[in-house]
Amino acid sequence: MNTLATIVQIAGVALAPLLPGSIQALKARLQGRRGPSAVQPYRTLRRLWHKSAVDLEGTSVIYWIAPPLVAACMLATLAIVPVGGHAGPFGLGNDALVLVGLLALARFALAAAAWDTGNGFSLMAAARDLMISVFGEALLVLALLLAALPAHSTDLRAMSVAAAGGHIWSAPAHWCGALAFMLVILLETGRQPIDNPDTHLELTMIHEGPLLEYGGRDLAFLQWAAGARHWVMLILGAELFLPHWGGFAASLGLLLAGVTFLCGSLALIETTQAKLRILRVPALLGVGCAIALAGAGMWVGGVGT
Amino acid sequence: MTDLVPILVVVVPALALVGMLLVLLARTPRQAHLLALATAVPTAAGALALAATALARGGLPALRGQWYFLDGASGLMLAVIAIVGICSIAVSPAYLRTSGRSWSTAARSQSLYYAALFLFWAALLAVPIVGNLAAAWLIIEATTAASALLVAFSGRRDALEAGWKYLVLTTLGLSVALLGIIVLAISQANLGHHGLHALDWHSLRAAAHGLPRDSTLIAFVLLLAGLATKIGWAPVHNWLPDAHSEAPAPISALLSAALLPSVLLVAWRVKSILEPSVGSATTRGVFIAFGLTSILVAVPFLWRSLPWKRLLAYSSLEHMGVIGLGIGFGTPLAIAGVVLHVAGHALAKALGFYAALPLLRIDPDAAKRAPEGVVGDSPSTAAAMGVSLLTLSGLPPSPLFLSELLILLGGIAAGDALVSAIALIALALGFLGLLHALIEGVVGEHARHHRRARSRAERPIIALTAVLGSGLLALTAAGLLLPGSGFVDTLAKGAL
Amino acid sequence: MNGALVDAMLVLGLAVIVVRRRSVAIGLLAAQSLALGVGALSLTGGRSSDSLVASFVLLSKAIVLPLLLYALIRRTREPGLVVAAASGLVRLACAGAVVLCAVVLVPSIGLGDAHTEHAAVALVLLGITIVVARRPILFQLLGLIVAENGLSLLAVSVPGGLSYVIELGALFDLALIVTVAAAFAHRIHTELGTGDTELLRGLRD
Amino acid sequence: MTLLGAAGLAVLTGGDALGAAFRSTIGPALGLDPLSGFFLAVLALTAVPTLVFARDYLPTSPGARAVGALTAAFLLALVGVLAARDVTSFLAFWELMTLLPAAAILVARRDQAVRSAVYAYLAITHLGGAGVWIALLALAHHGALGDPSALAAAGTGAQTVVALAALIGFGTKAGFIPLHAWLPRAHPVAPAHLSALMSGMMIKVALYGLIRVEFQWIGATPRWLGLALLAIGLLSSLGGVLWALVQHELKRLLAYHSIENVGIIALGLGASLLFADAGQRTWAAIAFAAALLHVANHAIFKALLFLGAGTLERAVGGLDLDHLGGLLRRMPWAGGAFLVGSMAIAGLPPLNGFASEWLVLQSLLHVALHRPLGVALAGAVALAGLAMTAALALLCFTKVVGLVLLGPPRRAECAQAVDPPMGMRAGMVALAAMCIALGLVPGLVVPTLTGLAPGVHGTVLARHAGLVLPGTGSFPSLALGLALAVLTTALIGVRGKRRAARSPTWVCGQPVAGALGWTSAGFTKPLRLVLEALLRPHRAIEVERDGGMVQSITYTGHVPSLLDAALYEPAVRTGLRAAAVARRLQSGNVRTYAAYLLGLVIGLLVLAHTGALG
């Protein structure tokens, strides 16, 4: 079944852009519009692939290397995140905290590139992104801690196995973890109420900002990376915090269900929620951290386990 | 060597007295200086010979005769007094050349200066070797008379003031001490020991167990209170900064490096002879109390930006405190520390005061104000000041680092961990003051306009720095051998 | 020693604190020293010759020192009386308190009569008190001498007499000190024009 | 120096002690054991490149000869502390280690600012040093140097005193908040190679002392010590990085980052103590190794960064962050090395900073997995805090890299900057290479380090290139690094060469002008706004108008150091005032002094009378 897992993981490379597309489509439906179809991202990527890349005056190697590096980071994360509790033999390990490191590297590459261009809008967005990530990273780590508590390990496979079955849901800690991780997903995928992926006003951009100065295949890489981030986060969410049990096939199926459910809920949240003031976001994430800590306390305190 | 001792103990002070008479005969300042050196050299040689004999005996019991008493501690003090004394005489011309008006005409005043200096020196040399408490008292009193004149030598108003305070306070203190001595004499008389030799160190020691406790306690208290005035222990130290800052630099060196420790030596002997009857808890307590108070009192004064000599004076207060503390602890480690500390402090302090001579030449208002950026004007003077300060603040590789370490360790070993900790912190606080003097005064930039030092005038201070500096390093090396040596152990046992 | 003489010494010592004129104070001191000398003489009966010598030295000192001091005040004219540190009564009260302390605090130190012991200790403390209570430089000098008289009092009353070597030495030393001090007083006078030690406060932190 | 390093390495790998064993005597004795060996090796690794750097850096600076000599003496003092085997030489070398760099700084520069900085440095460290004295003297008295049982026999009271004294003493030197005030003052004023050694090694040697005392000599370590270390570590790491973030001067920024990294090390050590307390030997060893690995890493990249700062200062004069820029293109060697160092300190894979931070994170996470509740929560909080620290460091060094290396040059000098001479270049590149190497194969070192943990014999981990620990999905650093490299190059290849004509960056169609450039203050603005309550920034905007027309707008802003204002300044003020009061003792009036004497005599008589004198 590892081979199957491997196939799914590799398929992820191709499937990743589908997620943001489908979310957009769902959202349009929920808003009563006939929006672009779910495969729209693929069209965008094809278009970008045939455009020539932009070359900026006075930039250095950083600007040049950033997009491939970001894409490479996401590819590595794809290899690290298991599906259905199994992962292919990529030899990159399956550690949760390594994942955190890779995401940070990607973030650094983008922000540095923004500095290299010296574009005010990109920098504004990068500064915000990094500022929010200060709190986001704490939240992410705590959420992972909550998932690691039952497994006594930070190996993602073990964690997903430990999260299987129904009894886990009797522990309030798991609920707290789920809640915290939902916030993480909102943050990492750049969805409302934290960020607005549809904005075209530079002043309000967070994740889109650093992409401003890129074009052609560079931009294609970055767009794909955004899709890949959706993929990683949703898979993780489904693996660690959504109910699954039974054998590998079953869990794969439930994984699919889970991801779809998450896409739906994301679309729903985006339609119902307004965007939060940027300075309020840390407060939101702080609340998440508090919940997570409470969860950890309850678990170690033995509540419901 | 040992058989020469009875002669030497007489000859050494006598030589100094001869020197006093000789310089009085001198016509010109130059003659006076030559005569002074001519007599000072053999005197110092004799004293060092005595010291060597005493120190070489290591753990053996002390030598004593009818009038003299020579143990390791006396040897140490003799060596210190001899070295500092001869250095002071050697640098005196440098002072006299620049000294202003004085008691009488210049020519006379110089020979008077030397005469008083020799008298002072003779008395100092006698203090550690004399074998009798009362006699020791007499000699100490004599030092007061001589040194008071020297303190006021420059005749400036401040000098007179300092001299007067010094005279009045120490005399009062010493009369209190004499009261204590008489009380002891009475007790001895009641035990049937009459006459002067009843107050010999060893006869007191022998009789100590029989002495009635109450009166002995009173005697001890009065003696300590009195001697403390002369040692310069807080709270009766007040004459010390004035006298040290106003006296001629060579005299300040003698006062700080030789006088205070030798009186301290007398106090130490009083402690060890009266311990059997008064009880060690009391004697230790009194010493530790004086020591700690002195260290603590010194700190706030060190924090002020002081004129150079006044700074050194307050650091003397601090170091007398440290030594008193060490004697109070009384463990072999602490005593080893004390021995090292006395020697190291003497050399460093003397060097510091000698550095004041070129300093005042470069920057006359350094007498009243804290020095600024000396290194800019005279690197060698700055070097001397730096060596002295670094040593006094107990930084490695100076001997005072080792001695303070030993004393504190001894304190912990004696069960006074808390006292040691307080002393340690107080020393660290005092260090801040010395450090400020070092950074601003020595290496800083100077705002005032100064005369630049002539290279020729620099030579003596360079030589002194080299000699005393290497001496300090040698002390550190020697200090590593001290702990556990028989010499120290006998001292720690207080065998008299 | 005869109790009356001892008391007389104490009273004279107290008087030195109170009186205002320097000449009077010197007179009192002379009287005190004389009393001491006489007392010492009275003790010599049936003792070694040392104490006789000692007492004669004391007597001669009782003559010499006052003369020296008198000469001193002749040479140093005060422009006017130095302002007192505190009123006479207050000074007397302080002195009395000090004497009482001495009486209360000092246990028997083995001399036959407690009276002399207390008096002697009291005199020494009194000497210090004089220095504390009196501004004029001369009075501080007198304080030294009063303290010294107290010491001599105790010394001469030691059974069998404290060896004359000590006594003479002490006397010599103190005489030396007094002369030096007198010289100082003279210098300071010429420097300041007055003997008021309140003006000697140049050195302070 | 190299020889010493080799010796250290040999002892480290050999695992047996060299020279004298620890003893509580006075007589000096030198020797090495694996722990000192490790620190010695780190010292050599950082010192040799630094010296190579200094060979080309010094000659153009004032008093070069003296500074060089003092530097050498300083290194010897560091070695001495590591090799000292008795209380005397330890304290002696300890004091020298404090004193010599100060002397070197003063030789190099003597102006008012430097003097006050040096004074603050010496004063604070010396006061703190009293703690070291107390701890070591007490240990020596109990004969507990190198003999854990001795102090345990002396009872918990003595243990607590020693532990606290050592924590304060060594903590001051290591720069733990709130004892750190000297650090951001002293490091910026020193010559580059000295700052590198001070920040890279001196504070590590202080940690060495801390480890010696807290882990080896005081016997069974109490739990409160572990928690205290966690708290201190959290405070130092967060506080350090926060105040680093708002600095505008590169060297001060780096100094604050030293505080942060010392905090991270303290977190590792605290975790190790807690594991040992819970009886989990393996994880205790791993956490200990994590701390040690971070010691080595920080020594390396901090030295690299300070050398880089020195180089830049030489090249463009002045290190005000807002007036640099564009240096990566103009000085590829120095700039490249600096980039690597920044990424390493920001904790990015696959560099060495990430390896050790990953280990520390894992240790904290595993602390959080275990009862009792208090410890677990402490672990969880520390975990979150460390994550925030890492993110903040990332933000901070993105800013640094951006302002220093990237974008357009913000000053004329930057435009003409060129790479430094060979020696300086070589030193920096060597350190950068170490950053990469240690990042790729930390697994070769860590097992050895676990062997250094107290109570561990041999090693608890198998040797791999990457980090394979129980209870983690391992971190195959080498594979990951290679993967990233291969994938990136592949993608670059895929991207092809097609490029449009060079165009200026997009600023809404305006011409690109320097005034539009982004500043350090601007980049950290969002965070400052969020943390306004904590940081209390001062800002002043002056608008010059002339007849309604705005002529010029000047913005000045800075963030005060909270602790200086809240803790140090009041303490100093009260101290000085008290001293001034105490000085009234010396009233100058002889009658007062006589009164003291009278009081003393009467007081003593009273004591004797009441029998208080026994």
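By written order: A, B, C and D. Residues from 1 in each chain.
Convention: a residue touches a chain if its C-beta (ideal position, glycine included) is under 8 Å from a C-beta of that chain, and two chains touch if they have at least 3 such contacts.
Values in this document were obtained by computation on a predicted structure and should not be read as measured data.
Student: Ignoring chain D and leaving every other chain in place, which groups of chains are still linked through touching?
Tutor: Without chain D, and with every other chain where it sits, the touching chains cluster as A | B, C.
Student: Pick the pair with more C-beta contacts: A-D or C-D?
Tutor: A-D
Student: Greatest Cα-centroid separation from chain B: which chain?
Tutor: The most distant chain relative to chain B turns out to be A.
Student: List the centre-to-centre spacing of chain A and chain C in whole Å, with centres computed as mean CA coordinates.
Tutor: Chain centroid spacing, chain A to chain C, equals 99 Å.
Student: Between chain A and chain D, what is the separation of their C-alpha centroids in Å?
Tutor: Once rounded, the distance between the two centres reads 34 Å.
Student: For chain C and chain D, what's the span in angstrom between their mean Cα positions?
Tutor: 69
Student: Quick one: report the Å distance separating chain A from chain B, using the average Cα coordinate of each chain.
Tutor: 79
Student: Among the residues of chain A, which ones contact at least 2 other chains?
Tutor: Residue numbers touching two or more other chains: none in chain A.
Student: Using the touch rule from the top of the page, what residues of chain B touch 2 or more other chains?
Tutor: In chain B, 164-165, 168, 172, 176, 218, 241, 301, 304 touch at least two other chains.
Student: Which chain D residues touch at least two other chains?
Tutor: 583, 586, 590, 594, 597, 601, 605, 608
Student: Dump the list of chain pairs that touch, please.
Tutor: According to the stated criterion, the contacting chain pairs are A-D, B-C, B-D, C-D.
Student: Which residues of chain A touch chain D once you look at their complex with the stated criterion?
Tutor: Result: residues 52-58, 60-62, 65, 67-69, 71-73, 75-76, 79-80, 90-98, 100-102, 104-105, 107-108, 111-112, 114-121, 123, 126-128, 130-131, 133-138, 140-142, 145, 148-149, 152-158, 212-213, 215-218, 221, 278-279, 282, 289, 293, 296-297, 300-301 of chain A touch chain D.
Student: Sort out for me which residues of chain D touch chain B in the complex.
Tutor: Those residues of chain D that touch chain B are 26-28, 87-88, 91-93, 95-96, 99, 106, 110-112, 115, 118-119, 122-123, 126-127, 129-130, 133-134, 137-138, 140-141, 575-576, 578-580, 582-583, 585-586, 590, 592-594, 596-597, 599-601, 604-605, 607-608, 613-614.
Student: Residue numbers of chain C touching chain B in their complex, please.
Tutor: 106-111, 120-121, 124, 127-128, 131, 137, 140, 143-144, 147-148, 150-151, 154-155, 158-160, 162-163, 165-166, 169-170, 173-174, 176-177, 180-181, 184, 187-188, 191-192, 197, 200-203, 205
Student: Under the definition above, what is the set of chain D residues touching chain A in their complex?
Tutor: On the chain D side, the touching residues are 326, 328-329, 343, 346-349, 354, 358, 361-362, 365, 368-371, 373, 376-377, 380-381, 383-385, 387-388, 390-392, 394-395, 398, 401-403, 405-408, 466, 471-476, 479-480, 483-484, 487-489, 491-492, 494-496, 498-507, 512, 516-518, 522-527, 529-530.
Student: Please name which positions on chain C make contact with chain D in the complex.
Tutor: The touching residues are 85, 98, 101, 104-107, 125, 128-129, 131-133, 135, 140, 197-198, 200-205.
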